[in-house]
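The same chain A turns up in both complexes below, where it pairs with chain B and then with chain C.
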Partner chain A sequence: MELQSKYKTLRDVPQIDYLAPGGSLCAGCGGLLAVRLFHKVLGKNVVWVNAAGCMTIMVNYPLVPLKSNWLYTAFASAPAGAQGIRDAFDILIRKGKIPESEDLKVVVLTGDGAAYDIGLQSTSGAIYRNLDFYYLCYDNQAYGNTGFQVSSATPVGSATATTPPVPSEPAGNIQKRKDLFEIWRAHNPPYIATLSSSYTVDFLRKVEKGSTFKGPKLYISLAGCPTGWGYDPRETIREEKLAVETGIWPLKEAVEGKVKHTVVPRALKPVEEYLATQSRYQHLFNPVRRKEVIRSIQEQVNLYWEEASKREDFEIKLVNT
Partner chain B sequence: MPLITNYFLALTLDFYILTQPLIVIPDKFLMILMIVRVRFHGRGGQGAKTASRILGTASFVEGMNVQDSPVYGAERRGAPVTAFTRISDSEILERGYVFDPDLLIVMDATLLASPVAKVTDGIRKKGAIFLNAQSANIIGEHYTLPSDVRIASYDLTSSAMEMLGKPIISSASAAAAARLVGLVKESSLEQAIVTELEEIGLSEEMIKKNVMLGRKIFSSLEPLELATEESEKKLRIVPLEMITSNDGLEDIIAVGNSKVAKTGSWRIFKPVVDYEKCTACTVCYAYCPESALILRQDGKPEIDYDNCKGCLICYRECPPKAINIEREVIAF
Partner chain C sequence: MSEKDSDAEITLRLGAAAGDGIQSAGEMIMKVLSRSGMHVTTYNGNQSLIRGGHVWFHVHASTKKIYSLGYGIDFLIPLTQLSYDQHFEKLNQGGAVIYDPVAVKIHDLDPKVMQISVPLADIALKYDKRPIMKNTVALGSLCAAIGVDINVLSKAIQDQFGRKEPAVAENNIKAAMDGYEMVKKQTRPLKNIQYNYSVRRPAMTADYALALGAVAAGCRFYAAYPMSPASPIVHWMASHAKKLGITVFLGEDEISVMNATIGASYAGARAMCATSGGGFALMQEAIGEAAMTETPVVVVDVMRAGPSTGLPTKTSQGDLNMMLGISQDDFPRVILAPRNPEESFYTAPRAFNLAERYQVPVIILLDFAIGDGGYSTVDNLNFAFEIDRGKLLSTPPPAYTNGYWFKRFAITDDNISPRSIPGTPDMMFVAKTDEHDEWGHDLSDVLAGLKEYLPIRRRMHEKRMKKLEEIKKEMKLPEIYGPSGADISIITWGSSSNAVREALHELHKKGVSVNSFEFSDIYPMQEDEVRKILSTAGIMVDVEVNYSAQFAKLLKREAGVEINNFFLKYDGEPIYPEEVEKHILATRKEVHAIA
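Entry: the complex of A and B
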């Protein structure tokens, strides 16, 4: 039976904030918005275990926006840090040294650099050990903290500091993103979901739903990045919405391994409506239009949705190429 | 005012802070020399670092010894940035932070009120302050300066908006500094703008526009003769000051203490709610990444201007268009 969710409209966004203003992140940061919404659902009894990344800068000692708890770890080892904290709480509670009411939810917070590249191994280990934790990856599709270098989450066609469009590689990045959702799913955790703050109710419900499972609850949230993607900070929600509407960012979940798309656009918008709005893709349009690259991005999106619609038996109108 | 100054230095120096420049000069180098020290205060994204480089390169073209360097913390675009240029006819034996500038270039007037930036600290007797604003009167509202400090101003941002279409004032600030220092010819400044902007990969067209902008600013100001002749001090002992965690911040262990950073000064535009039009739909509340917007009893938003960074997501997303924007003039 489907869980009866508390969250039905935007008005249900909990009106309590666990993050104070005044942090050091870019104005309009989509990653920060994802953390803010995630925290609202989990409540105040949380300890964030952070791997190096943009969110690390949120805490600029001694100025701390968080009203909950925070542990820094090295780039590769946030899930190991989470294991240590979880074990400590379990042992202390079992021995009666602290009451159960003082237990904290352990949440790993990483960017795509740690999630897809540097911390993949320790994440794999933690899922394998069935660690009871949350994992939130804010995916801005590059190493944003150090100046937007390519990561294995960077999409094809994106320019980054390390994959600029050059005569020999006019498309920018040519490597395909890793499919982290499927990598995680192969480990059989109880709950995985993709998120976008722009689909707020879907976002809140997934965090709420994940909380009903014991074991790893894993989330990848799109994180609109005005600085790295190159758009006006005011457009963060629009950009994220477009990513969903064009089918580039599918919103889905996997409960006990079974995948279901939670938002299915009736008809996909052409990918270029999204690409054209960001400087990281400008070389696909100026000075000459790189039709082949844009077409191949569209074809990848079409292929993805065609397969998904067959598997899950839903209707979707694709974009002609 | 909360004491949050110097915490960044404090961290890197293990809770000891440097209060004086470290100058170690062996006897045999003692001599009379001419030196000008310029300190730029800007915000990330305005071009303070590039400005200090352009000034350095222009002076180098004139045959001077130069040094330039920026400092910035871990913060993002919008946060205070400081950069330095030292210009001398002899070898420069100082290093690091310019604590006692001859010329201060204040690239953003809102920095005058920032407790972190401390823009006028250490200004020398007969030094000068240049403010990027139509008038320099507002300096007096924030600081009492020695009477012999000279003040100049020019609205660089408006000129940049007009000529480049962007509020980036690296060449404009460098031009102002070069002119006020008075050691650089216009042609050397132009050469430096081209060299430095080519290096950061600007288009030819943009570089041309920057040269035009530089020329305009250069010809709009008069030299102040800032170069000072001085005999270098032999060896300055650097007193190290112990700071405890309590000196760093009143409320170091309070939750959510980041509020004292007052990131409201990052704003260029300010969102303003039209309460007549607002339908209390809460969209703006849901989407504000900064939690800089709270809902009142009636469900309508109240913006925390001390901290709102002016991303304008609320303005963009408000369904009935009940949020307007205004150009921020002076934040505080």
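Entry: the complex of A and C
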């Protein structure tokens, strides 16, 4: 039976904030927006376990916006840190030092660098051990904090500091993104979802739904990145929305392994409506149009949705290539 | 600073909030001075944030060759009040503050510092809706104050903005001109320097210089994982990879980076990787593997202040102990610490030659101050250096093969075994991280502890360790500056040498009997030679950027030389010459008091 959600329209977004405004992250940071929304659903009893990344500089003197606890771990090991915290709390509960009703939520917070690359092994171990925790990956598709270098979440065609478009490699990055959702799903956790702050109600519902499960609850949130992607900071929501509407960022969940798309555009918009708005893709349009790269990005998106629509039996209009 | 030769030197500092474009303005004035015949060294006082806070850019220029940040500040350009408050106390007499009275209130200023008031924002607003060009106006004003040809700045602006719409460069040039004219009306140039516009020197950080040197030395495989302040190396390598024929490998963590580097070297490529302390910690196990399999590798650590993530954009020389203690048990390693960008360039080929000649890991220690945080001009670089790939064979000598297997770890007179590339006929071998015999076959399982095999383990371990004796002979002894037999001797290493050398000039002018010993080759140490050289030293003062005097402890451990007087800095900032001078003057006073 479907959960009766508290969140039906934008009016239901909780007013209360657990992050103070005016922090020192980049204006328009999509990752910060995701953290803010996530916190609204989980409430105040959260301990964040963070590995190096953009969110690390959230806790900058004198602008620390947090009202919750925060533990830094080594880059590769945030889920292991979460394991220690959870286990210690379980010991305290067993000893009767804290009541069984304590509802401290252990949330691993990392960027895509830690989630897709250096920390994948630690995450794999934590899911395998069925650790009761949340994982929020804010995915801005590169190593943003160190100067926007390529990560294994960087999409094909994106320019980064380490995949600059050069005459012999005019497309920028040519490696395909890892499918972290499917990697996580292969571990059989109870709940996985992709998120975007631009679909706020979908976002809140998924966090709410995940909390009903004991065990690993894993989230990948698209994180519009004005600094790295190159767009006006005020356009983060528009960019993320376009990513969903073009089908580049599918919103979906997997409950006990069963995948369902939660937002299905009736007709996909052409990918170039999204690509053309960001400077990380400008080399695909100027000085010459890289038709073959744009087409192959479109084909990948089409292929994805064609397969999904067959599996889940929904209608979707693809873009002709 | 009246004794200083102020007509040969300029120190200046621009300060603002992050996002005000202070770094590009700083780099522009650096270009202006380096294209005017000056030697230039800079330091970027940045913070790890995107907007707000306080950032500054320091420039030291001189008609003589320098690598230090110079004395005090001759010209301060504070775009914000905080920038004034943070830096005005360092202003030299005879210098000036160039400021916008709307943004900055001057207070407590030495009367011998000139106040040059320029409506920076108002002028900038003539050319754009927002006053973003105020830093350009300030640069124009500065050019008038230091008496440099404004056309050099115009050209630098053209270069900077040339790829944007023409109006951007044009407006910036006009804004700079207005600033220039306004100051020219107020004062004659405060510096009377003979600029030589026909001499232009490139300016580079040690990160870039090292990358360039490595590629010139035949490095064809470079591996990295993002970490400040080592990232500029991978940015440079990646953007030139195709053109220069380098494979750039971007791993999923530093463990993968180090192992890929070992793999590439094992298969015959000159391979290098770079990181900072935290990443290096992850590489350590694999460096032990390189040592055990006698695979040559060059690893760069661009140090930043730690422990842990520490201060990502601040400097330190605190990783030396980690380098001395990499991984488990004993194995030979080489540690080199070039003092400036130019030396970094020449250190790269040396590192590769040492690595391949002796089949050992070679560590190059840079730090934020010279690696990422600061540029220095370099004189013409000489690309014609010797490339020695060591005992790399393509056909096996009969004694080293049984027609199939190759005696890769043969015991030889010089303790170096011939090496081959996998796939070479009759030269199959196993590169084993367990202890092995001369063929690379395992001693750890059924043979371990058997009395026939104890001597083999001993000899293999000795063969590796004894290479250090040969390597030692190639290590450079400290470079000595100042008079021999001085009362006070400064012992220093790596980038700290730059401030020390500059301080010596000033101390000598004040009649202080002081010299310095600069170490750039750190380990292995020629202990007897070093002891002999330091026996001529006066009262020794150790100068380095860490809390526990790591290099002084190494000197004691290796050469038995004990130092009891220290100037140690560990606040994240690099050493400035005046700090060294102050410490030495205080030391001299103590010595005199005792005498």
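Operating definition for what follows: the second predicted complex is superposed on the first by the 314 of 321 C-alpha atoms of A that agree within 3 Å, B and C clash if a C-alpha of one lies under 4 Å from a C-alpha of the other, contacts with A are read in each partner's own complex, and residues count from 1 in each chain.
Assume a contact is a pair of C-beta atoms (placed from the backbone, for glycine too) under 8 Å apart; a residue touches a chain by one contact, two chains touch by 3 or more.
Worth saying up front: this structure is predicted, and the values here are computed from it rather than measured.
**Student:** Give one word, clash or fit, describing how chain B and chain C relate on chain A after superposing.
**Tutor:** They clash.
**Student:** Applying the document's definition of touch, where does A:Glu169 land relative to chain B and chain C: first, second, both, or neither?
**Tutor:** A:Glu169 sits against chain C, while chain B stays out of touch.
**Student:** In the overlaid three-chain picture, which partner chain does A:Val13 touch, first (chain B) or second (chain C), both, or neither?
**Tutor:** A:Val13: touches chain B, not chain C.
**Student:** Counting only touches as set out at the top, which of chain B and chain C does A:Ser24 meet: first, second, both, neither?
**Tutor:** both
**Student:** Just to be sure I read the superposition right, which of the two partners does A:Gly113 touch: chain B = first, chain C = second, or both, or neither?
**Tutor:** The second partner, chain C, only.
**Student:** Just chain B (first), just chain C (second), both, or neither: which does A:Gln149 touch?
**Tutor:** second
**Student:** Applying the touch criterion given at the start, work out whether A:Arg238 contacts chain B, chain C, both or neither, answering first, second, both or neither.
**Tutor:** first
**Student:** Looking at the overlay, what does A:Ile57 touch: chain B (first), chain C (second), both, or neither?
**Tutor:** The answer is both, since A:Ile57 touches chain B and chain C.
**Student:** Report for A:Thr227: first if it touches chain B alone, second if chain C alone, otherwise both or neither.
**Tutor:** A:Thr227 contacts both chain B and chain C.
**Student:** Give the stretch of chain C that clashes with chain B in the superposition, choosing among 201-209, 291-299, 507-515 or 561-569.
**Tutor:** That would be 507-515, the one stretch with clashes.
**Student:** Output the chain A positions appearing in both contact lists, the one against chain B and the one against chain C.
**Tutor:** Residues 24-27, 57, 60, 227 of chain A touch both chain B and chain C.
**Student:** Give the list of chain A residues in touch with chain C in this complex.
**Tutor:** Counting only chain A, the residues touching chain C are 24-27, 52, 56-57, 60, 72, 74-76, 113, 116-118, 120, 143, 145-147, 149-150, 152, 161-164, 166-169, 227.
**Student:** Would you pull the chain A residues touching chain B in the complex into a rising list?
**Tutor:** 10-11, 13, 15, 17, 19-30, 32-33, 36-37, 57, 60-67, 197, 200, 226-227, 232-238
**Student:** Can you list the residues on chain C that touch chain A in the complex?
**Tutor:** My answer: residues 48-53, 224-228, 231, 234-235, 238-239, 242-243, 248, 250, 252-253, 278, 282, 308-309.
**Student:** Okay, in this complex, where on chain B does chain A touch?
**Tutor:** 4, 7, 11, 73-79, 245, 248-249, 252, 255-263, 266, 281-283, 285-292, 295, 304, 306-313, 315-317
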